[in-house]
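Structures follow.
Look for subunit A in each of the two complexes below; its partner is subunit B in the first and subunit C in the second.
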Partner chain A sequence: MDMNAKKKLGLKEKYALMTRNLGWETTYEPMDKVFPQMDYEGIRIHDWDKWEDPFRLTMDAYWKYQAEKEKKLYAIIDAYAQNNGHLNVTDARYINALKIFLSAVPSLEYNAHRGFARLGREMRGVGPQVACQMQAIDEIRHAQTQIHSLSNYNKFYNGFHDWKHMNDRVWYLSVPKSFFEDACTCGPFEFIIAIGFSFEYVLTNLVFMPFISGAAYNGDLGAMTFGFSAQSDEARHMTLGLEVIKFMLEQDPANLPIIQRWIDKWTWRGVRLLTIVAMLMDYMLPKRVMSWKEAWEVYFEENGMALFNDLARYGIKVPDCAALIKKEKDHISHQAWNAFYTAGMITNFHTWLPSEDEMNWLSSKYPDSFDKYYRPRFEYYRQREKEGKRFYNKTLPMLCQVCQIPMLFTEGDDPTLISYRQIEHKGDKYHFCSDHCQHIFEHEPEKYVEAWLPAHQIYQGNCFAEGADPTAPGFDPLKSVLDYWHLDFGRDNLDFEGSEDQKNFAAWRQQATTN
Partner chain B sequence: MTIASIRPYGGTPKDTEDKFHGNRILYVGWDRHLMFYAPICFCIPPSMAFADFVAGPLAQAFGDHPQWAQIDWTKANWLRSNQPFSPDGAKSLHDNGLGHKEVLRLQTPDLQGIGGCAI
Partner chain C sequence: MQIDLRTVSIKPLRHTFDHVARRLGADKPASRYQEGTFDVQPSDNLQYRPTWDPEHELYDPARTQVVMKDWYAFKDPRQYYYGTYTMARARQQEAAEASFDFVETRGLAATLPPDLSRRALDVLVPLRHVAYGANLNNTAMCAYGYGTAITQPCMYQAMDQLGIAQYLTRIGLLLADASELEAGKSRWVGDGRWQGLRRYVENTLVLKDWFELFVAQNLVLDGLLFPLVYDQFIDKRVANEGGAPVSMVCAFMPDWFAETSRWVDASIKTAAAESPQNAQLLADWTSAWLLRATDALEPVATLALGEDAGPVFETVVDAFKARAGKLGLPL
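Take a look at the complex of A and B:
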């Protein structure tokens, strides 16, 4: 027997055999029936073989790379746990950013996994099938590593205990949840433009940078490491996002208006979602990386514009919403913190007022807006705190029907007036935070009339604790809603000042650094 | 436009009036008082008199603001769906024409928030 008959395959050959040659034209069933979701969105693909695989990665190589990354990551997570790494963060306030991250992001990752797994099945070309399958596995890995890294914090701090339960219920978490459910209920082509292009390609740096650099700046080795571990996947995802849009545009000129509408919609949906990231960057990191406004200018106004210039040859235009976002960039982080600070009774994390130093930083980063509109607000709240009247807004907010964010955004040209938009549809009134959310609704009202808006659900009686009787004497609806959310009043919520987290962190750090 | 879907899909509105146990949703914002970060979502029986709504639920929601007590109601304006609106305090919300998911804006031209800063 000749053991050396076959020489090793070259990378290119191996790649072709292990990806493209896995697909074939079916004969027992027509191809259109095997891939039934390829037509209903109106996208026309004539030749799947024109798909250029952006990364020539085979499954065996993929497993090898990923296993290496996992090994490194878990070694660091273990060391972090054993050395009480949580006590090295700049300040216990920082940990509240992780609470938001945990209750919002792993669920997004998991849904990204679901979405890409579906695309791995539904995409008719083998190239995108394989790329989507790999991304599906990446995404579930991201969810897992985030949960594992952050589980360390759950041993010591409040608010981490029931992130998945909260993700499905707590008022503000309907924003990220509904964002991804919107994407997952789109057709496969819209999904990949929404997540693969608009989110991963156009906006991902705006998410990554604050979390990963923020973690590094604030001494959080654990979060930093899972970030880096995910970032190498991210590069692949971005490449896929760009390849997919070019492929679709080159296949048929009729695809252009459909794709443009999706880019307009998902850039706006994405930016609205990033409001919370803007707030996190400007208010929740004890050591700031850069301001939201600076990040927006670098990653969208510079890099993003270069991308859109590149796509101009296909007829793609910069989304209309860019003009409003440019005006809003001076305001959204402050407006969001104003909302969460005052709604601090119903949050699963702590809130606080920026210190004098922090306000000065904000003035320097936002010279056109902070001192004029927001500093006076925080000073008034400070005065109330000193008088023992820390303000908590005990009401439920009006929400935008599409982005589901409380109606806290102001008119582009007047930051003192809330932006109200409304229309009637089939005899019912619907309200929006902006023209852009309204346009999204008008295009597919059937979808957005079904929005699960927490404020309305509470009033319909669908959000009380299990077994609660709202007709019983002395029934306390607020308490019952917090119970339904599994939010522990007085421990998970309210101001950072005086919280159990604050006291514990100070005591433990003292123990760790003194005799 | 119609939704892109694999089967005909109508969409079932989640927030129709019949789901609120005889109450109606009413949103109220107080212009230039952004201590209240968003307009407030109320769930109110349509038979309640407008004046009772203002003195009751609305005062409870906004009363923590030092300017609430200073409002001169003869000078206050209302907008309904962004259009001028003159409610009759003695009449019910329903008889004032306030349907389900209506939005009201209270404007107090003499009071523009604490320090005139829209707080």
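Take a look at the complex of A and C:
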């Protein structure tokens, strides 16, 4: 056989043989039984062969590229740890941003890993199966590289020590937890719109900006490196998210209203989740990258709108919530920091008041809101601190039934009025932070009544330390809840000023830089 | 002799995360495998019932009849987390690439006796679809299984089987061309000798108990198929009859099987050792699927080995039974 006489295969043709040609129409078991999750959401797919592979990566190439990236990444992580790189960050307050990151994000990545594994099995076409499987394995990479990068911080600083236990229990961590578990309990098509499109494509830059650029700006080579190393994976995930939405829209016009509803829901869910990111950018990074408002304007109002314009030819509209978010962008980071500062007794990270310089920066970035609404609050808190009466909120907040964030947001047109919605469903009252969260509930009440709301659970007595007896004389409920969370009182929580982290960092930095 | 290098040393407050320390029994340095695996799956206060399986929670140990006190009792003897996994496979693919390159640049495919090349293609090309079925099945085990300790290596196994399907595709293209892949697919869906195996694969695609799926796919089917096809057929028969180049380009598969069997064995052993009920369950599943797999593979053995198929296949089945016995399965 003469090798040269063979027909030369194009890249696309060859990739098709390596993937979609592997599948067949089953006959011993009906296809609908082999792929049982394809119909119940109402999405109609007529021809899986119309799927355009968003990238063409065979396994041998995948192993090769990914192993190269892993080798480089772990070499840097090792060097960073050996060299006590953590002492080179701008200011030990920065490390608190990493505590939030570790408590929240690897679990999200892990959920994405398992969710994409389900899609990698359940999507009926081989092309999307393979693309989803690659994302599934990438996502466990991200969870692990994050854990491994931050492992060294855990050795020297408080608040990191039981991240997984806390992720399943601590009040504010139910916000990211419920977001991803919501997506993972959806049908396959909604999952991929939620995570692959709304989260990965529309909002990823807004997550990367504070954490990864924030790490770069604050001398944290360790965290910066896993972010940059994940960047090419993310690019693949974004093209998958976009391909999926176009494929679904092109397959049947009846898909449009379903998809539009999912985009509306998940854009809003995603933006609410990003509240903590907004706060991180404006309050927790000693060296700021940009303000939350600026990031929102660049990455959503400009880039996001360009994307929606591109999808307009399919009939996709900008989500209604965009109008409210535009009004809220001047406020949410300040409202969130206010909430965490006053809840500083029940957080696994330290809080502080912005310095005078930092408040001036905030005034310049938020000329329409900071001086008017928020500076006076922080000045009041400062005054109280000076008097030795640091204010801690001693009660539990009411939570929104959908996003699970405490009722801390204000009405779009009145920043002095808490935004509060309430409805009755089957004899019970439910509370919401916004019209958008209320609408999400109303569409699927049977799902959202199952929410595990930490404040409710605590009041119902479900979050006390194992073996605790709430009827015993002298029972301290707050202490028992902190024990249930494994939160180490006085080391993990309270003010940064005077914390063990602050003292250790100063002493170690001195040890490393003087004789 | 060693050079004494010093770095500024600071005494750490702790050596690992608390959930890892609880598993290790003390706060001591943990490996990356341990930190990247132990308890990583969310497990408490799960929020909503899956719309695709309202009978269960999102992560639910009750999706299998196997019962474990602790699902992190499973250990991957290879200690694979993503980094070590991809680095190991990158080395193997480099070796495989060198073999393909060696055979291609020297035109060795053309030196094969035509009937031998034909027989190799007849056996190997339809196996692309078997590997693809294994890819879907392991992806399902990752999606629906419980505990990162066992679901993580299932995802790696899934991607490996996709890699194998792709190596088999390249072998088809190397020994023949794209039309051979189509012909192989026609035999897979239409030729009587492949229908038993196709029925087996399709039956596994609808299995709901993910641990039974693990037994049917990773223990039983692979446990017979790989020794039969790669050890007995490719490396013994084909290589001896002048087909060493085929053996070279197949080398990934038997090496992979030897490596992954260590993990499959460790997993079965752990589950069986947990309780007599588990051991009985696993033994029942293994016996039932072994019977079906033997029937399904007999015609493939004949296709590969002709009149020697009977005794050779018997040694493969005997070896499998001995392996199962060592794992604590009373067959």
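Things to note:
The rule is simple: the second predicted complex is superposed on the first by the 501 of 515 C-alpha atoms of A that agree within 3 Å, B and C clash if a C-alpha of one lies under 4 Å from a C-alpha of the other, contacts with A are read in each partner's own complex, and residues count from 1 in each chain.
By our rule, a contact is a pair of C-beta atoms (placed from the backbone, for glycine too) under 8 Å apart; a residue touches a chain by one contact, two chains touch by 3 or more.
Worth saying up front: this structure is predicted, and the values here are computed from it rather than measured.
Look at A:Lys164: by the touch rule set out above, it reaches subunit C but stays clear of subunit B. Between subunit B and subunit C, the partner in contact with more residues of subunit A is C.
When both complexes are overlaid on chain A, the residue A:Ser291 reaches neither subunit B nor subunit C.
Once the two complexes are laid over each other on the shared chain, residue contacts for A:Ser480 go to neither subunit B nor subunit C. With both structures placed on the common chain, the touch criterion links A:Gln438 to neither subunit B nor subunit C. In the overlay built on the shared chain, the residue A:Ser213 is in contact with neither subunit B nor subunit C. In the superposition on chain A, contact is made by A:Ser178 with subunit C only, not with subunit B. In the superposition on chain A, no contact is made by A:Thr225 with either subunit B or subunit C. Once the two complexes are overlaid on the shared chain, A:Lys155 sits against subunit C while remaining clear of subunit B. Of the two partner chains, subunit C is the only one touched by A:Tyr28; subunit B is not. Overlap of the subunit B and subunit C contact sets on subunit A: residues 37, 40, 186-187, 447, 450-452.
By the touch rule above, subunit C contacts subunit A in their complex via residues 7-8, 10, 12-19, 32, 35-36, 39-52, 58-59, 81-83, 86-87, 89-90, 92-94, 96-97, 104, 107, 109-110, 128-129, 131-132, 135-136, 139-140, 142-144, 148, 151-152, 155-156, 158-160, 162-163, 165-167, 169, 173, 175-178, 181, 185, 188-189, 198-199, 202-203, 205-206. Residue ranges on subunit A touching subunit C, taken from their complex, read 1-3, 6-7, 9, 13-14, 17-18, 21-29, 33-34, 37, 40, 58-60, 62-64, 66-68, 70-71, 73-74, 82-84, 106-107, 110-111, 113-114, 117-118, 120-122, 126, 129-130, 133-134, 136-137, 140-141, 143-145, 147-148, 151, 154-158, 160-165, 167-169, 174, 177-178, 181-182, 184-188, 447-448, 450-452, 457, 486, 504, 508, 511-512. For subunit B in complex with subunit A, the residues that touch the partner chain are 1-6, 9-16, 19-21, 23, 25, 27, 29, 31-32, 34-41, 43, 61, 64, 81-82, 99-103, 105, 112-115, 117-119.
Against subunit B, in their complex, subunit A makes its touches with residues 36-37, 40-42, 186-187, 190, 335, 338-339, 342-343, 373, 376-377, 380, 391, 393-399, 406-408, 415-418, 420, 422, 426, 428-431, 442-447, 449-453, 455-456, 459-461.
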